[in-house]
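By letter and in written order, the chains are A, B, C and D; residue numbering begins at 1 in each of them.
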Amino acid sequence: MSITRAGDLVLLISPEHKRYLIKLQPGGSWFSHRGSIEHDVLIGQPLGRTVNTQHGYAYLALEPSTNDLIQDMPRTTQIIYGKDAAQIVLRLNLYPGRRIVEAGTGSGGLTLLLARTVMPTGQVYSYETRPESYAMARDNLVELGVQPYVTLYNEDISAGFHETEVDACFLDVREPWLFLDQAWTTLKGSGFFGALLPTANQVSELLTGLEARPFGDIAVEEVLIRPWKPVPARLRPADRMLAHSAFLIFARKIARDDPSLKLSWMPEKKQRAYLAKQVMAQREAARNCEPPLEMPEPDKVDQVDEVDAVDEVATVSACRRD
Amino acid sequence: MSITRAGDLVLLISPEHKRYLIKLQPGGSWFSHRGSIEHDVLIGQPLGRTVNTQHGYAYLALEPSTNDLIQDMPRTTQIIYGKDAAQIVLRLNLYPGRRIVEAGTGSGGLTLLLARTVMPTGQVYSYETRPESYAMARDNLVELGVQPYVTLYNEDISAGFHETEVDACFLDVREPWLFLDQAWTTLKGSGFFGALLPTANQVSELLTGLEARPFGDIAVEEVLIRPWKPVPARLRPADRMLAHSAFLIFARKIARDDPSLKLSWMPEKKQRAYLAKQVMAQREAARNCEPPLEMPEPDKVDQVDEVDAVDEVATVSACRRD
Amino acid sequence: MSITRAGDLVLLISPEHKRYLIKLQPGGSWFSHRGSIEHDVLIGQPLGRTVNTQHGYAYLALEPSTNDLIQDMPRTTQIIYGKDAAQIVLRLNLYPGRRIVEAGTGSGGLTLLLARTVMPTGQVYSYETRPESYAMARDNLVELGVQPYVTLYNEDISAGFHETEVDACFLDVREPWLFLDQAWTTLKGSGFFGALLPTANQVSELLTGLEARPFGDIAVEEVLIRPWKPVPARLRPADRMLAHSAFLIFARKIARDDPSLKLSWMPEKKQRAYLAKQVMAQREAARNCEPPLEMPEPDKVDQVDEVDAVDEVATVSACRRD
Amino acid sequence: MSITRAGDLVLLISPEHKRYLIKLQPGGSWFSHRGSIEHDVLIGQPLGRTVNTQHGYAYLALEPSTNDLIQDMPRTTQIIYGKDAAQIVLRLNLYPGRRIVEAGTGSGGLTLLLARTVMPTGQVYSYETRPESYAMARDNLVELGVQPYVTLYNEDISAGFHETEVDACFLDVREPWLFLDQAWTTLKGSGFFGALLPTANQVSELLTGLEARPFGDIAVEEVLIRPWKPVPARLRPADRMLAHSAFLIFARKIARDDPSLKLSWMPEKKQRAYLAKQVMAQREAARNCEPPLEMPEPDKVDQVDEVDAVDEVATVSACRRD
């Protein structure tokens, strides 16, 4: 049976379901407006039980989850919500052994979850420019024992990341579109890119940046959690919910100069029109032995007549001067 | 740079953004209505690039994520959605080294994600009664290489789980309320309980079962993902979205016979009334040396007058016959 | 140009976007923690402008909407949200000239909107059992000038409604399933039924009642409004939103003893099975001249083999003894 | 009892809950893949009952709602969803007797609902530039009998609307920000403005236009309907839902040159800073008898020290030269 020890973090839940995190210290006390609880009542005992203040109010004592730790962290910045962090871990395909670059570190909330996801064989490389955030994140991560799995940099990312061939790269900065080349460079081929942005305007800017570079499988999504009141005879959603924290944007790294990248993201109708145009250009080129057509802008191909010559594209022979 | 090898799974994304998973075999071909792609074009090459069918259609070739693997699994049952699986991993506080009991296994989709989360030092203990699901899950998990981290049982869970002191227990069965004692027994103190249910009626039944047992911090929630069209100049949500997959229910194991468990979950007003009643009963008992009041049903305490005697609860001396 | 007069209701919006409703009285004053505003500054003036407290804080003075009036009403009960009221008006197909029965009246919030929707030629018949709610609703509706369009009853609806052949019937009571026969009777054929219920358990009870009676086109829905912050350069949803007010349930009145009502609500597969069974029974009856099969329970027909004899149903001749 | 007559529109609901609208004609037939239904079976009969095809399939025959009529209209454009139309009627405060300007008419779907809302004493003034939409809307509205309540213009709105002092103005055009001056001019003081836009980029543009003009109480919102499966023993939301149709934007007309309009929409902190600055400027002006400070840009006032001189604003005496 797991028994608490001095130094452990314990979650206390109040009668009104408020959550408090305390670090057990021999002889210590935790104070609330309902009275105090002695740490010694908890040390050396199993969790999953209630402890009383001297006024008789019962608090539930539990092992805290990683998300409880994140929400309770000392912070200089907005802390990430569990719902978003969970979706990021899923979408960036993180698991033990993976290597991920993160910027900025902030207070280290997401960094903690990333480290606990890729440990013991993976690594989080986390960049933060503000010295006070860097220091706070470092202290938080040391306190929570994940520093072996995190490489923390107090550096600007304009000059790029130190790592290459990483599995994933996540940008939680105000203007991630400024660092897309850096993100592309640090990622392995097919690597997972992600970003978090609060406003729609920023999402548009980031998408413009992603479209201009070799990224594919681009997605934008919001995660909403709708809580219900856990009352079996009067089951209903809670009255209020979090309506918005941030938009999540995901993409995959594609090879630079991939000849078909643009093509692959055209709608099918445009693809057919483009391919047909290619065929006609190659036919013409075969007659004249002139260089073939350049790749057109995607939104200009719509006007091309859709002759059913698509299948010829691969078979039209190249011009040979001999 | 990571290079594909024979036997690797590769994700192909079509021009209309449909996703296909293929296993690379030397000399193999993948067929679609747009023409075929030779596996040999992919083997020995980096991912993150497009490959063309002989008709000139470009498919994006990527490393599949765990969620891509889950959605593509051979299945006998409904496969879990990524959004729900991610929230379950967060809420059950899973990370490398944790031990989790799961029932039922189904086709092994969630099992795969759980295994990839707790490996290499943790373990998933997964129970499935239907032989055909058990066999399919076993094959799926062997195929995906996570069998070292999964103990699979083709067993009914009525008689209980083989494991004790596990960190988490997840029930994905039709009537989880029938197995709450088994779940309680397998969990460590303060351990994480979860369940997934499609209908509100089932949620009510499960909550009734949880309330009747020593479980605390009970929560019900839905996860909704709202996808957006990734078009920067015309940014808007997608037209349609998944409106419902399942309700997620979470709770924590509390010690049996915890004297204050019921109390800790009463609303504050009821607590005060109950405590006041306790004080009065103890006073009366002190006078008469009769046994003190039994714990009342939570919804009967409302009628008690709220005397301001709460602080006396702990100090009223017990009856001594001497 | 419309000019305010004494007695008019005016909406004041504070700098923090709080909304206040005041009734203009010559010489009157409206007080807030930012200072007061004299009614005389507003009387005889156009709306759509700001007025200052003596401390220089500007309040926006506007014509109130019906929804503003509803949200500000003196109340003994929960007031209906605008989002739900709007959907009810749409779904019950209300417009000038329609007649609608409502129970209970509550504080008269929905009644006001209904009256303003069906006036000047329609009528709302509203029932309320609690005398204090009845009196408050009556005062509210007189105050707002819609009493010519509302017939208010301080009566229990167990004995039924006084009206017949009404276009729509809306139940906002705790146990609407107790009054479905009364609702059916008051409605015209094909009339619109609606109800509002906060919990899923109540919805199940009401649906059970509706299914047991001649009602069709049954629907359950929730209305969610997601507000956005109106900031053009940082466009994003508001942080929090109303997650739940109530479930809305709608149905249509069908003729009693409609021979095909049950059939029409079976899924197609069940229908085919049922019709096939009917054909076979009629064939058998034709041979033996025994009475044909009774209508089976819907969920028992699944087992019937689906012979492709459906088209024969109408043509198998009845048994004639001659 | 209401009896159908030749010429009536009737809603037929299929066994799979598909909805069809038919116009009753003596001797007419309605055909489906399940067989046909003779109109004469419906004419002269009450609605709210099932009618069978000759193959024995039962269709539910109902009075159509206004929303059923809208969804079934012949169309050249996207038809408005009921959920959005209902919220627009609520937010624009429409009821019998109100006058509303609408542009563009489109196929007349929203126009129909608006007409049925403000009739018999109000009027809808609807503008449409495309001749084919204008003709289709005119035919649709004549067919549905609301032409007495609609004034239809086949005109461009750049030159402004013919009406003044209308209660509400609704813009359903691609670039509503181009017509805000026209909207402002047609509205009465405090009048209700609304617009519908599919993309976030358009919302930003419209908000920019509204902020630059005398409009107040600006709001942006989305309406989401979450349908549930009406199955009492297995109550759950439907699998899929409409995720997005459009953003709705609302505002109120404010007097031109309202001296405090900008002030009233500053956050309180900025207001205090601005008022303090005003006081200091007036003090300075009183000393020098120079003209007082101009209104600053809202986002420049933050830097001003917040002296607690706000209450002086109204009392600092103006400069008198004598």
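One rule holds for everything that comes next: contacts are C-beta pairs under 8 Å (C-beta built on N, C-alpha and C of every residue); 3 or more make two chains touch, one makes a residue touch a chain.
Note that the structure is a prediction, hence the values are computed from the model and not measured.
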item: For chain D, the least number of touch steps when starting out from chain A; value: 1
item: C-D compared against B-C, more contacting pairs; value: C-D
item: Most distant chain from chain D by Cα centroid; value: B
item: Approximate Å spacing (C-alpha centroids) for the pair chain B, chain D; value: 43
item: Whole-Å gap between the CA centroids of chain C and chain D; value: 21
item: Cα-centroid distance, chain B relative to chain C, in whole angstrom; value: 37
item: For chain B, residues contacting two or more additional chains; value: 200-201, 204, 226-227, 233, 235
item: Pairwise touch network: line, ring, star, complete, or other; value: complete
item: Contact footprint of chain B on chain A as seen in their complex; value: 1-2, 13, 15-17, 46-50, 52, 54-63, 65-67, 82-83, 85-87, 89-91, 93, 95-96, 116-117, 119-121, 165, 188-192, 200, 203-205, 207-208, 210-211, 216-233, 235, 247, 249, 252-255, 258-261, 263-268, 271, 275, 278, 310-311, 313-314
item: In the complex, chain B residues that touch chain C; value: 200-201, 204
item: Parts of chain C lying in touch with chain A, wherever the complex brings them together; value: 198-201, 226-227, 233-244
